[in-house]
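The letters A, B, C and D name the chains in turn, as written, and every chain counts its residues from 1.
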Amino acid sequence: MDLLQLDALASLVLDGATVALPPDNSLPSCALVRALIRAGRKNLHLIGVPVSGYASDLLIGAGCVASIETSGVTLGEAGAAPRFVAALAAGTITVLDATCPAMHTMLQAAEKGVPFMPLRGIIGSDILAHRPDWKVIDNPFAPEIDPIVLLPALRPGFALFHAEMADTHGNVYVGRRRELATIAHASNRVLVTVEQVVDFDLLDDERLAPGTIGGAYVDHVAIAQRGAWPIGLPGCYDFDAAHFAEYARMARTDAGFQAYLQRYVYSDAALAAAE
Amino acid sequence: MDLLQLDALASLVLDGATVALPPDNSLPSCALVRALIRAGRKNLHLIGVPVSGYASDLLIGAGCVASIETSGVTLGEAGAAPRFVAALAAGTITVLDATCPAMHTMLQAAEKGVPFMPLRGIIGSDILAHRPDWKVIDNPFAPEIDPIVLLPALRPGFALFHAEMADTHGNVYVGRRRELATIAHASNRVLVTVEQVVDFDLLDDERLAPGTIGGAYVDHVAIAQRGAWPIGLPGCYDFDAAHFAEYARMARTDAGFQAYLQRYVYSDAALAAAE
Amino acid sequence: MAVALAALIQDPAAPPARHIAVGAASPIPAAACWLVRKAGANVRLSLLHKRRGNPFTEGTRELFDLAGQGRIDLFFLGGGQIDGQANINLIGTGDWPGSKVRFPGSFGSAFMYMMVPRTILFREEHSPRVFVPRVDIVSAPGISAPGVYRRGTAQALVTGKCVFGFDPARARFRLVSVHPGETAASVRAATGFDYDEPATVEDTPDPSAEQLALLRGAVCDEMLETYPEFCRRVWQREAQERVA
Amino acid sequence: MAVALAALIQDPAAPPARHIAVGAASPIPAAACWLVRKAGANVRLSLLHKRRGNPFTEGTRELFDLAGQGRIDLFFLGGGQIDGQANINLIGTGDWPGSKVRFPGSFGSAFMYMMVPRTILFREEHSPRVFVPRVDIVSAPGISAPGVYRRGTAQALVTGKCVFGFDPARARFRLVSVHPGETAASVRAATGFDYDEPATVEDTPDPSAEQLALLRGAVCDEMLETYPEFCRRVWQREAQERVA
C-alpha cells in the first residue's frame, strides 16, 4: 500500500476520469473532493452509488464535471442539490438517469466479472427508454413470455471514499458501509482517505475483518483527519447539519457558491480547520 | 425472534426438505446436524455452499439424504468423504455436480430476486452437459458471438448454520463468514444455533454490525454450546483435527460409521460432552 | 396525514404488512410507521438514512435485495407529479430529463413500485401542478402490461386534502375520504386528474388523543435524529432535547 | 516440486504474477508461493482455508469474484486425471458422475481455469492412471473453442517426476525437465498421454541451500496452522512447536 499526501492522491485522478462516489450518508471523501477542486480537475464523469449528494454538487458547482450517472441528486433534509439543478438547466452537464438497484447491479456485474446482470422492475419506466445501453430480453427460464432487463457491467475508473482507518497493508475499515466494498471491487483504482493508519493487520482482527476491504483492491491511501466533514463519520464525529444548511443557502446562487468555495475549499484557514 | 430448544429447531426441518449447509471451514451447525440424525430425518436434499464436508458426510452416512448439489465433498486434510463416496457407489444418493462460483451465483440470484444470473467459464466442462437447468445464451452486449452460461436462482428451503452469538431481535453475528449472509438472504427459512444470546442489539454496535445478519432473515435460534464442534469457532474453540482423523478412520466402513454415530451422535454422554 | 397513512398500513382488507421499508427523505411515512409500531403492532421497520441502528449490513443494496426476495410487504413513494393512472414522476417536468423543473431523480422507484406487494403514495401538496392528467416523465409506472413481472401496485394515495384508493384493474383512483376542512368539491378543484367519487364522501378520521400523544412523544423520539428539521417544524422539538 | 513450482511462478517469460491464489488442500503450491514470497518477491498471496488471516471478507465467493475482476494472475489446479490436452478431471473415472472411482468434485476449476491468465497444474503421482490420453470426465477444459471467453490456459504441469510446459495453440505438452533420478525414458513410460520431447532433456534444478532453509523454516511456519499433517510428514514439524 502506498501512503500519499492528499494532494498527491488527488493528482492521480486525471481530467476526464470516471469517478464513483458514494452518497452523503456513506462516506464520500469530502477532503479529496476539495483537493480535486483545488487541483482544477475538469470533465469528470461522476457515478452516484446509487445516488449523489453534497460531494457531487460541490464538484459540479466548481466546474469539474461533464456528466453524472446517478439515481438521484439531493442534499437530503437540506433540499435539492442547487448546483446540479443549475448546471443541468444551463446545459453545462449531462445526466444519465438510473434507478438505485440498477446502479448496484451494474457494479455487482463488474465485481463478478460478467458482462451483464438482470434486474426485475424498470420496464415501463421512461428511464429504460433513455438507456440504450440497457437491454430487455425474454427470460429464457420462463415457460411463458417474461421480459426482463439486462444491465451492463459498470467499471468505474476510480472509486474515492473516506474511512475510519487503514493499515499498512492497504486494508481499509469501512464498517457497515459495505457498498464501499462493492464499489472498490468493481473499480479499476481505489483511492481512500482515512482518519488514521494503524500498525496492526485489520484482517487479523476477527471483530474488524468483517468491515474491512482487503488491500488487494486499494491502490493508494492518504491521511485526512475529519476527511468526511461536513459528513459525519460514525463513532468519530457527527454529521454537520448546520453546515449543510449553510451550503444549501449559499449555493442557491453561483455568486454564493463561489463565496462558499473561497471560504471552505480554497482558503488556508478552511484547510487547517477541515483537513 | 423465536428461541427454541435444539430438538425443536431440528423438528422444523421436515423429511424431503432442501437444506443449504456451509462447508466445514464456514460453520455448519454440527449440533443441529446431530439432532436431525437423532430425529431420523429422511430424503433431505443437501446444498453445499459452495462445497460440502463432514456435516454432509455425517447426514449421508446416517441415511438422511436423497441428493446433494455441490461443487465437492471432502474432509480436507483428513481426505475423501467416506460416506458420500460409499453412498454414491451404492446408488443410495444422487449427486448434482456444480462448480463453486456457480453455487454462489445461483444463491446471489435468489438473494437479488432475479430468475437467473450469468457466469463466465464452465463452457466445455462436462458439468454443463449434465445440468439441463443451466442455459447458454449469446451475450447480447457483445459485438460478436460470445456464448455465456446463465444459472437459475437457487432458493433453499432451509439454511442451517452455527454462529458465535445472536441477540433477542434475531440478529446473528457471523463475523467474516459472510457467505452465511448470502445463504440466509437466499433461503426461505433460516435456523441458527449459537453459543449464546446477548441482551444488546448487535446492529447498534458499529464494530459488530458489519459481521451481523439482520433478524429479518432469521426465523429461529437455539443455543448449542460448542455447536460447531468438531469444527472450530474462531475466537471460541479450535478445529478438532484429531476428531476429524478419528471420523475419517471410523467412517471408512459402515460398521465403523455406525459405531461413530453411537459414540458421538446418539449417546447421552456425547450429548453432554458436545452440546 | 401520518394518521391516515397509519390507518392504511393497518387496513384489514390489504395483505399483511409484516415488514415495512421507508425510503430516504420520507418523514411523514416514517411517522406513520412509528405510530403503528408504538401503538403495539408487530411490524418490522427498515428505515433508510437512519444514522444509527440502520438495519442493513450488506450496504445500501440490501433494501432492494430484500424487496427482490419478497421480504418487504409495504413501501412508500412520493412524486413530483402523480397522474390518474398512478404513474409517478420523480425526474422532472417538460422534456427529458426535466427541461422545465428538474426533480432529484427516480431513486429506487422504478424497481420498488413493481416488486413490493403494496405501495402507499403520498404527497402533501395537493394541487393541479402535482396531480396531473399524465406525468411528463414516468419514473415508475402505475400499472404494467400483461406479462410484465409485477408484484403489486399503489394501494392508495394520501395527500394534504384527502385519501384516494387505487384500483389497478381499472387504473383509476377513487376518493375515499376528505381531511377536515375539505369537501368533495374542493378536492376535485385541486386535482388535475379524473377519478371516481362516491355519492357521499366520508371524512378522514381525526387523530385520537392517544395517537397525538404518541406522535408528539415516542414517535418524535425515534425520528429526531434522522429528521431534526421535520421534528422542529411539526412538533417544535429540538434534537438536543432528547440528549438533555 | 515446490521448488520447481517456485521457478515457474517466477518465469520471466510469463506474464507477471502479482496476485496468486491457492485453493484448498493444495499444500505443495502453497509452499511454492511462500518460498517465492519469503525469498523476497513482491507478490500478494490469497490462501483459501487459512483459518486465521484469511484475506476474504466477502465470503467464499470473493476468490471467484477476484478472478472474475482479473485480479488473480496465477492459480494452481490438480486433477484426479489430467490428459494430453490439459483437460482435468476432478469428478471421477468411468461414467458420469464417477462410476468407477469418485473424486471429491470440481470445486472452482470449471471457472478458475478459464478466468485466470496462468494456471500451473500439479500432481505428485506421475502414473499412466493419472496422466491419461483422454480424461473420462472433463471438470475443466484445457483449451476452449474459438469465441469462448477465456483468459488463459495451463502454463505448465509439475509432477513428482518432471516439469511439462503447455502450448495452448497446439494443445500439447512438452517435456521441459526431469527431476533427480528420472530420465526422458522413465517419464515416457509413466505417462499415458503423448507429448513433445526435446533432443536433450534438462534436469530440474536442485533446491539451493537457501531454498531448503526457507522451506524448513519460514515457509513451514506459515503453513503449520493450515496444513499440520503436511508439515509433519514433509518437515517433521508439529503445530505445537510454533505456539511453544
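Here is the rule we use: contacts are C-beta pairs under 8 Å (C-beta built on N, C-alpha and C of every residue); 3 or more make two chains touch, one makes a residue touch a chain.
As the structure is a prediction and not an experimental result, all values here were calculated from the model.
Q: By that same contact rule, can you tell me which chains touch chain B and chain C alike?
A: Both chain B and chain C are touched by A, going by the contact rule given at the top.
Q: Considering B-D alongside A-D, which chain pair is linked by more C-beta pairs in contact?
A: If we tally the contacting C-beta pairs, B-D comes out ahead.
Q: Nearest whole angstrom, what separates the Cα centre of chain A from the Cα centre of chain D?
A: Averaging C-alpha atoms per chain gives centres 40 Å apart.
Q: Please compute the C-alpha centroid of chain A, do the same for chain B, then give the distance between them in whole Å.
A: Roughly 36 Å separates the two chain centres.
Q: What whole-Å value do you get for the distance between chain C and chain D if each is reduced to the mean of its CA atoms?
A: 58
Q: Hey, how far is the Cα centre of chain B from the one of chain D, in Å?
A: 28
Q: What residues in chain D touch two or more of the other chains?
A: 52, 54, 56-58, 68, 115 - these are the residues of chain D that touch more than one other chain.
Q: What positions in chain B touch 2 or more of the other chains?
A: Residues 108, 112-114, 119-120, 146, 148, 176, 178, 181, 209-211, 234 of chain B touch two or more partner chains.
Q: Which chains touch, pair by pair?
A: Taking the chains two at a time, the touching pairs are A-B, A-C, A-D, B-C, B-D.
Q: Which residues, counting only chain C, touch chain B once they are in their complex?
A: 19, 44, 46, 52-58, 62, 65-71, 115
Q: Residue numbers of chain D touching chain B in their complex, please.
A: 24-25, 49, 51-52, 54, 56-61, 64, 68, 90-91, 96-98, 102, 104-115, 137-141, 144-145, 147-149, 227-230
Q: What residues of chain B sit close enough to touch chain A in their complex?
A: 105, 108, 112-120, 135, 137, 139-142, 146, 148, 150, 152, 174-176, 178, 206-211, 234-235
Q: Could you list, by residue number, the parts of chain A that touch chain C in their complex?
A: Within the complex, chain A contacts chain C at residues 23, 25-26, 49-51, 70-74, 76-77, 80-81, 84-85, 88-89, 95, 97-102, 104, 108, 119-128, 130, 144-148, 176-182, 232, 234, 239, 241.
Q: Using the touch definition from the top, list the residues of chain A that touch chain D in their complex.
A: Within the complex, chain A contacts chain D at residues 110-114, 181, 185-186, 201, 203-204, 209-217.
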